[in-house]
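Both of the next two complexes hold chain A, though its partner changes from chain B to chain C.
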Partner chain A sequence: MALSLLTPMFKVERDEELCIQCKVCMRQCVNGVHWYDEEEDRMRCDHKKCVGCHRCVVLCPTGALTVKKYPLEFRENAHWTLDYIRSIYLQAETGGILLTGMGNDRPYPVYWDHMVLNASQVTNPSIDPLREPMELKTYLGRKPKAVEIKNGKLAEKLPPQLELDVPIMFSAMSFGSISLNAVKSLAQAARETGTFFNTGEGGLHRDLYEYGANTIVQVASGRFGVDPDYLKAGAGIEIKIGQGAKPGIGGHLPGEKVGPEVSATRMIPLGSDAISPAPHHDIYSIEDLRQLIFSLKEATNYEKPVGVKIAAVHNVAAIASGIARAGADFVAIDGFRGGTGAAPLRTRDNVGIPIEFALAAVDERLRREGIRNEVSIVVGGSIRNSADVVKAIALGADAVYIGTAALIALGCHLCQKCNTGKCNWGIATQDPYLVKRLNPEIGARRAANLIRAWAHEIKELLGGMGINAIESLRGNRLMLRGIGLNEKELSILGIKAAGE
Partner chain B sequence: MKKVYVREEYCIGCHLCEVYCVMAHSRYPHDLLKAFKKGDPLPLPRLWVEEKGPLTFAFQCRHCEEPHCVSACITGALQKDTTTGVVTCEQERCVGCWTCVLACTYGAIRRDTKNGKMVKCDLCSNWGEPPACVYYCPNEALIFVERGE
Partner chain C sequence: MMITIDASGLHYRKLNEQIRKALATGATEILIKNANGQRYIGTGISGNQRIVIEGTPGSDLAAFMDGLEIEVMGNAQDGVGNTMNAGRVIVHGNAGDVTGYGMRGGELFIRGDVGYRVGIHMKAYKEKQPVIVIGGRAGAFLGEYMAGGVILLLGLDLEPGREIVGNFCGTGMHGGTIFIRGEVEPYKLGKEVRVVEPTSEDEQFIADYVARFASYFGDDLSRIVAKPFKKLIPFNKRPYGNLYTPY
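On to the complex of A and B.
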């Protein structure tokens, strides 16, 4: 066998003084990094197999393990970095497309970090959220241009809305791309915190129908798992056109992940590849999209909001405007940092635009066209903390989707190996040995804690600005100032520079 | 009485329950490192993980209402505590006849052949509550609850 030129990515260091040979590392590593050398009575390891997921480090009861970047330096070269050299070795060995998981990890600018928030001083009082009521309630859906009130009541019924206690939802992650225990964790957390999780294109497992009131069911290009019960089970429906991590391409769940449960939930034969085409083959225009939106509304008796999810790409504002005019109740935009269970590496890292620009452009365009009220905006694909949420809302979002952040709460360590199905944390896998590692009771507790913690922080930030309802921040770009941005960037974001 | 139960759907087969059981019954019951590095000879774990394919679960003494091991014990070393319900073994009186091993319908008693004594779960009566295996189970697969059987 010809020698592989790939050198290890990580080095596992074991402090022999601390190692008690309990073999927990060996049992926990699905990649087979650790093994016990009986003759030497010590644990040994194969650095080459380590993916840097930290499972062994976290589980080691004596803290004997650390994982470091493999200390091998190429001759310094600003152009040919380690990643590009390794990619070529790998492709020279396999002849295949490079696949990866999670979101774009390249050092593009993070515009959230170039925006700062305002606070009240002297002339307008700030508010203490511990002493005064603070409102985060958010409604997603089409709002009328004006409301008519008769006898103290609304004269006309409002179009269907999704009611969120916090403006944060769990983004679409299918059962198949992630484990049932991971979906259960998010579903339970969504119920506890008054928000929604999204089925992705994985269908709704029978155990999850009880969470229907907190579910957004997705209809994507493969139409997996879609039937009348499914559409009626959710509180809202989302048509998925694109995903931030892989705009313009479809999905592929390999047959080995399609076990009995995934097969039944997706309504496809056991062990068959689940291939979602790149486009919806019945949507080639905004008119076609309108037809699907209204087919779904018709099928659900016009009782549920129907949204459309797109990836943030160059003409996103015009596309979003078309989506609003096609009758969507909300438009979800996924930025180029958005995660994935599997995507071609070059697509993930090079296609799409930052969500901050996409959001600002869409909000601005819809306002200018006088149709902002007709559609709610949900953004995802890069939200890392509560400040990002607040900045997104100030830029014009109604709510945000969190995917990567939610998985990190469940234990994900961002090793980007979701596509291999060997997730040591029991999240992005269907392997019966591994899925048990995520106890949904713990997962739900952790995900709900994250939402609660962010809700507290959002209230603090709002209070500091002298605002007592998230509604008053929405699209309030005066609360933002740019740092280190050029004129063009400031004008696209629609914000002033710090000091202005 | 409160007992240790395993939820096998969440047992990840890491064997940390065994590791901490050893610690709790060693000369250094609260120092894992010293227990393993200086505790020689190490005590046997009082519970162990059964594995078959992806199915794994930790298993130990059920502290039966009418324990066969207690009635079978030829020296009276095994007793069921009338207040706590814990089935315990008075080590000094155990002669290593293994009658209890034969009598236990669950196979929950182990032979410490080095010392010629039986060992079994004592629900960490001298360690604290919940027992060490439950306290340190990383996935909350082991729980210490009253189920009123």
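On to the complex of A and C.
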């Protein structure tokens, strides 16, 4: 084989005084970084193979390991950074499309960090959520313009709604892209915290039907695992049009990840590629989208809300308006930092727009058109903490989806190698040896803890603003101020500058 | 028990409510008269009853359907058998675009022509092997991304100058089989498929389905099987296996 010009990304440092040659690192690393040198009775490593997932660092019983950025420096060049040089070496060696996992990691502005929240001082009292009632209950679905009450009851039945105890859901991650234990963790956490997980396009594994009341089933272009039982199993249905990490392109689960369980769940032959076409070929227009929305409503007897997930792209406001008019009960918008099990690197890093702008534009457009009540807005693709959730709701979201944050709760260290199937944390893999590293009971507890912690923090932030129900924050942009933003950015976000 | 529903002037939602109600109250056969573009007939319905439609049903006929038999005495529109799970649809006229999209089981018999992207992303799993039989011609992208199942294209009574199938036939195909009665020029095929001769097992499969096709529509079986078939299969089930480089 010709010489590879690639240099290591990471350097594994071992404190020889602490190392006891127990070989845990060797057993834990599926990439084969660590090995035991019998002659010298010491552990050695191949830095080149390290992906920086920290599994060995965390599991080393004596704390002997450190993983650092490889100290090799190219001659300083602001234009040709390491990443770009590396990708050319890789493509020159292979001729392939660069494939990666997780979300856009480029240094684009993070607008959440340019918005600050308000608090009550003197003129209105703040509320202490530990001792006073505080409501986070959220209903996703179409709301009528007005309700009529007859004899103390609603005269007309409300359209179907998803009832959330917290305005946070686990976003679509298929069984295939992540392990069954990872999906089980999220499903159980969703049930414990009164929210929803989303099947993604991978079908619903038979062990997960019991979580139906906390499940959103997804229908994407490949229609994997979609049959009448599946549609009826969930509390709601989501049509996937696009994903923030890869707007405009389809999906592709490689055959090596299609083992017996994935094969049975997706209802495709063992080892067969699972290809999701870029568009749904029965949807080339808003009218066609309406056709699929109502096809799904007919198939489920109008008992379940049907939403549509799109990637945040330039014309997102007009598209969302079309989606509302097509009869969707909720629209899910995925920003350009949204994660993925696998996406072409150039698409992930260069296509789509920040969710903060997309959300502001969509909420504004729907309000202006007088149809904001007809559709709920769910946003995802960069929500990192409870403050991001609060800011998203103040900008106009009804609820948020978290994907990356949920996986971090399960142990992900963001090495961005989901596409390889070699996840040492047992999350983005189908290798049985790796999958069992993630105990779904522990995973569920960790994911549920995260939701509960964020719920407490959201209540604290709401209370500080003198608000006692998340409803009152929704679209309440007066609670936000911008810092370090230009006039145009402020106007798109629909917020004032700090000090105004 | 047979029930007749007059669809004239009925919105699809009302019509489908009536159909569901009739099936729930024990109808074994429903005759729908004067269908005029009502969508979603048979959509998402499970059972083994039979629906006969006079007139033209609308799009997504038998979408997600699970087990029924539907016979359309005239033409059907787009998306017949969309993501269908089991059952049978028999169309005496033509059917539109994306007929059999993502179909995972059951059978479609279309006497006339079909539109674009028919049988796109059909897939098979274990005992579920969807089959589409097309009596006339098919538009472009027949069997695109096909992952399983069988498409039988007969090209009966082609008018002079009209071709049996459009361009990009079987493009992206990574499973399943397409049988075409007669020849297909290589330039019309997607680069993922190759043409082979049917085996004797294939001949038997074709004969069985053509016999049923002939009986549904009153055609002459011997006339149809007199002309030889070509078999289209994908080169492999991993067409894009070498396209990517992990970054």
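Structural remarks
The rule is short, and it goes like this: the second predicted complex is superposed on the first by the 500 of 500 C-alpha atoms of A that agree within 3 Å, B and C clash if a C-alpha of one lies under 4 Å from a C-alpha of the other, contacts with A are read in each partner's own complex, and residues count from 1 in each chain.
Heads up, the rule we're going with is that a residue touches a chain if its C-beta (ideal position, glycine included) is under 8 Å from a C-beta of that chain, and two chains touch if they have at least 3 such contacts.
Computed from a prediction, not measured in an experiment: that's the story for all the values here.
Touch criterion met: A:22 reaches chain B, while chain C stays clear of it.
Contacts of A:94 after superposition on the shared chain: chain C is touched, whereas chain B is not. Of the two partners, chain B and chain C, it is C that touches more residues of chain A. Judged by the touch definition given at the top, the superposed model places A:281 against chain C, while chain B stays out of reach. Once chain A of one complex is fitted onto chain A of the other, the partner contacts of A:436 are limited to chain B, with no touch recorded for chain C.
When the shared chain is aligned, chain C comes close enough to touch A:254, but chain B does not. In the superposed pair of complexes, A:469 makes contact with neither chain B nor chain C. The part of chain C that touches chain A in the complex is made up of residues 12-13, 16, 20, 39-40, 43-44, 46, 59-60, 63-64, 66, 78-79, 82-83, 85, 98, 101-102, 104, 117, 120-121, 123-125, 128, 144-145, 147-148, 172, 174-175, 237-247. Here chain A touches chain C in the complex through residues 87, 90-91, 93-100, 221-223, 226-228, 231, 252, 254-255, 263-264, 267-269, 271-273, 275, 277, 281-282, 291-292, 294-296, 298-301, 344-345, 417, 419-420, going by the rule given at the top.
The residues of chain B lying in touch with chain A in their complex are 9-16, 19-20, 32-33, 36-37, 53-54, 56, 136, 138-141.
Across the complex, chain A meets chain B through its residues 18, 20, 22-24, 27-28, 59, 61-62, 426, 432-433, 436-437, 439, 441-442.
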